[in-house]
Amino acid sequence: MRDEWFIRGDVPMTKSEVRAVSVSKLELPCDGVLYDVGAGTGSVAIEASRLLTEGRVYAVERNPEALSLIAENRARFQADNITVVCGEAPKALEGLERPSHVFLGGSGGQMEEILKEILERNPAVRIVANVIALESLCEILNLAGRYGLETEVVSVQVARARKTGAYHLMQGQNPVYVIAMERGERKEGGEGH
Amino acid sequence: MRDEWFIRGDVPMTKSEVRAVSVSKLELPCDGVLYDVGAGTGSVAIEASRLLTEGRVYAVERNPEALSLIAENRARFQADNITVVCGEAPKALEGLERPSHVFLGGSGGQMEEILKEILERNPAVRIVANVIALESLCEILNLAGRYGLETEVVSVQVARARKTGAYHLMQGQNPVYVIAMERGERKEGGEGH
Amino acid sequence: MRDEWFIRGDVPMTKSEVRAVSVSKLELPCDGVLYDVGAGTGSVAIEASRLLTEGRVYAVERNPEALSLIAENRARFQADNITVVCGEAPKALEGLERPSHVFLGGSGGQMEEILKEILERNPAVRIVANVIALESLCEILNLAGRYGLETEVVSVQVARARKTGAYHLMQGQNPVYVIAMERGERKEGGEGH
Amino acid sequence: MRDEWFIRGDVPMTKSEVRAVSVSKLELPCDGVLYDVGAGTGSVAIEASRLLTEGRVYAVERNPEALSLIAENRARFQADNITVVCGEAPKALEGLERPSHVFLGGSGGQMEEILKEILERNPAVRIVANVIALESLCEILNLAGRYGLETEVVSVQVARARKTGAYHLMQGQNPVYVIAMERGERKEGGEGH
């Protein structure tokens, strides 16, 4: 989904290409339950909601400006299977339906508490995180080791052409680390199609 | 969708991350009609078919080994909305339903003929191509200019971590150019959700 | 050499990492004669001049602001083996000593004329070009084919960490194509050390 | 310097482009004293030795096969200002001349001990490390913090064209993190030219 389709304000948004890769790494079945933690504009929640034809997304966000953007985007895309949750994870996750999948776009410095809470709720949960800070990358790898999570790490570096007259000038985007985590051996199969 | 989920043989396959970006750039509505030209293992066709809940994919391929892989993958993923078409584009496209979208994974050197045929059938078609050869990139940019197509070009460079003991060693994948093309101004909107 | 070491003004400058790769691809012997065409701030000329202990750089530039920056940087680094040449290539190259190496940072749209002139002066010249526009890349590959030049093409994509508090945030630079060209077979050897 | 110029055997070698960036980040004055720790084939030592017209390189390596390659390459390039040191850092560094610069190509798991030893010998030393493992990147950032080193981190991702008939196919190299470290504020200037 194109970035310009979303109402954005000044809230940072995962770029189209990285969003596509991240949603793909979630490997959502159509009846999955996804937490989008630090949902920002809600772009990941909305792109994921399209695949969750029988499932649900909980978009958790503490920033009021972002919250209203999520609500607007939810309406714009008629993404009725998104529940917007106001508050800070992991506290805001209490009482929500058990997740099958979690996307971590921003952790607000509570990475370990969030991971712990999620894994307690569902030890078989699949988690995908986006990070751009090297220190966050290190922290996640550390936590994954401590909590016995198998990790798949990719870095995605995109360059987009900007047109200037007859020329396409390639412009580098920021590289993003996309980390998928899951306990034990990853299951083979194309389930959820 | 994970690369290992597909039956592959020796046929080259678009890698998971590039496939996700490419399918995303197609911007498929649920009732779209997609031609996957040079379908290879059928991985793009299958990933796209999931979004085309009321649409159809025509997976066109001339290589017999690839054709049987597509058929196997189609069965494995129960992707009943994929029609496997044996033959070489543009000739093999004759008689098929009018396309709303086209993915060009491989053109077999018939790029211009294919573009021409597709644009005649539907001047508003949206086309996404993957190229890794610089000469193919140049050819597409040339053709896009000649046929009045607006282009969006991104290069996607992915590195994947390989685990060796306690270490994640980043390994570079080949960069792929993903080129989206469409006539005239691109429409605003989140239709097809 | 660090970017901040150079006096820059508003003239675009090859970034440190790409400059290092480009100068390395020139494979300058200590007695080489280098033309730096479209010299900009002179940063490539100056980095190369350090290796040319018995050689010379001709820094060719038509933009008056850039010319004065080159002169300032030349003085700052005491790079006495740089001759600053005012004018537009290929015309400005007339009368200059025969080049053994050429760096093309900017061609001002005269790529073919420049290549022709250079190759006439020295058919064994080694040329390195930096391009960021896809169309310029295509043009160079075309010209290289037409003039019988062997090419080595690399794309260099650098991300630099920006520090924000305790975090290193990786930020993408624009990818640059570095193209080395030479007639016939490239010679083996470590000559010029 | 081209990779093929070096005698290599089976010892892993820093690739040409990353070597150029790494040597550039060292910012060697002509009278510098460089330790190349984990020198491998000696390619960094040799490329650096060319700039050290009045200085010296100590190439430290523990692997016997690599040691003989360094010696051969040293002879091939007549790099008389390289001293080959057999042994494991930091122990092997004892008794050597005080370093102004250090390149860490491989630490053999003794990163902290090496850093400590080097900084004791010269608190103003400039260190450049190459890492490909995320865990090593994390370790270096940690150590840099603990030892009060300012860091500059870049990741370099190179793709090289492979020619197949008339086509240039871009092939991804492994991304390498190049980390430059120095105590306190980095000095301005173009000294050492």
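Details
Should a chain be cited, it is by its letter among A, B, C and D, assigned in written order, with residues numbered from 1 in that chain.
Rule of thumb we're sticking to: a residue touches a chain if its C-beta (ideal position, glycine included) is under 8 Å from a C-beta of that chain, and two chains touch if they have at least 3 such contacts.
No experiment lies behind these values; they were computed from the predicted model shown.
Comparing the CA-atom centres of all chains against that of subunit A, the greatest distance is found for C.
The pair with more inter-chain C-beta contacts, choosing from A-D and A-B, is A-B.
Averaging C-alpha coordinates per chain places the centre of subunit A 25 Å away from that of subunit B.
Mean C-alpha positions place subunit B and subunit D at a centre distance of 42 Å.
With centres defined as mean CA coordinates, subunit D is found 38 Å away from subunit A. Contact with two or more other chains is made by residues 134-135, 141, 153, 155, 157-159, 161, 166, 168, 170, 175 of subunit B.
Interface residues of subunit B, counted against subunit C in their complex, comprise 134-135, 137-138, 141-142, 153, 155, 157, 175. Interface of subunit D with subunit B (complex): residues 132-136, 157-159, 161, 164, 166-175. If you check the complex, the residues on subunit B that touch subunit A are 1-2, 4-5, 16-17, 19-21, 23-24, 27, 46, 50-51, 53, 76-79, 141, 145, 151-161, 166, 168, 170, 188-190, 193.
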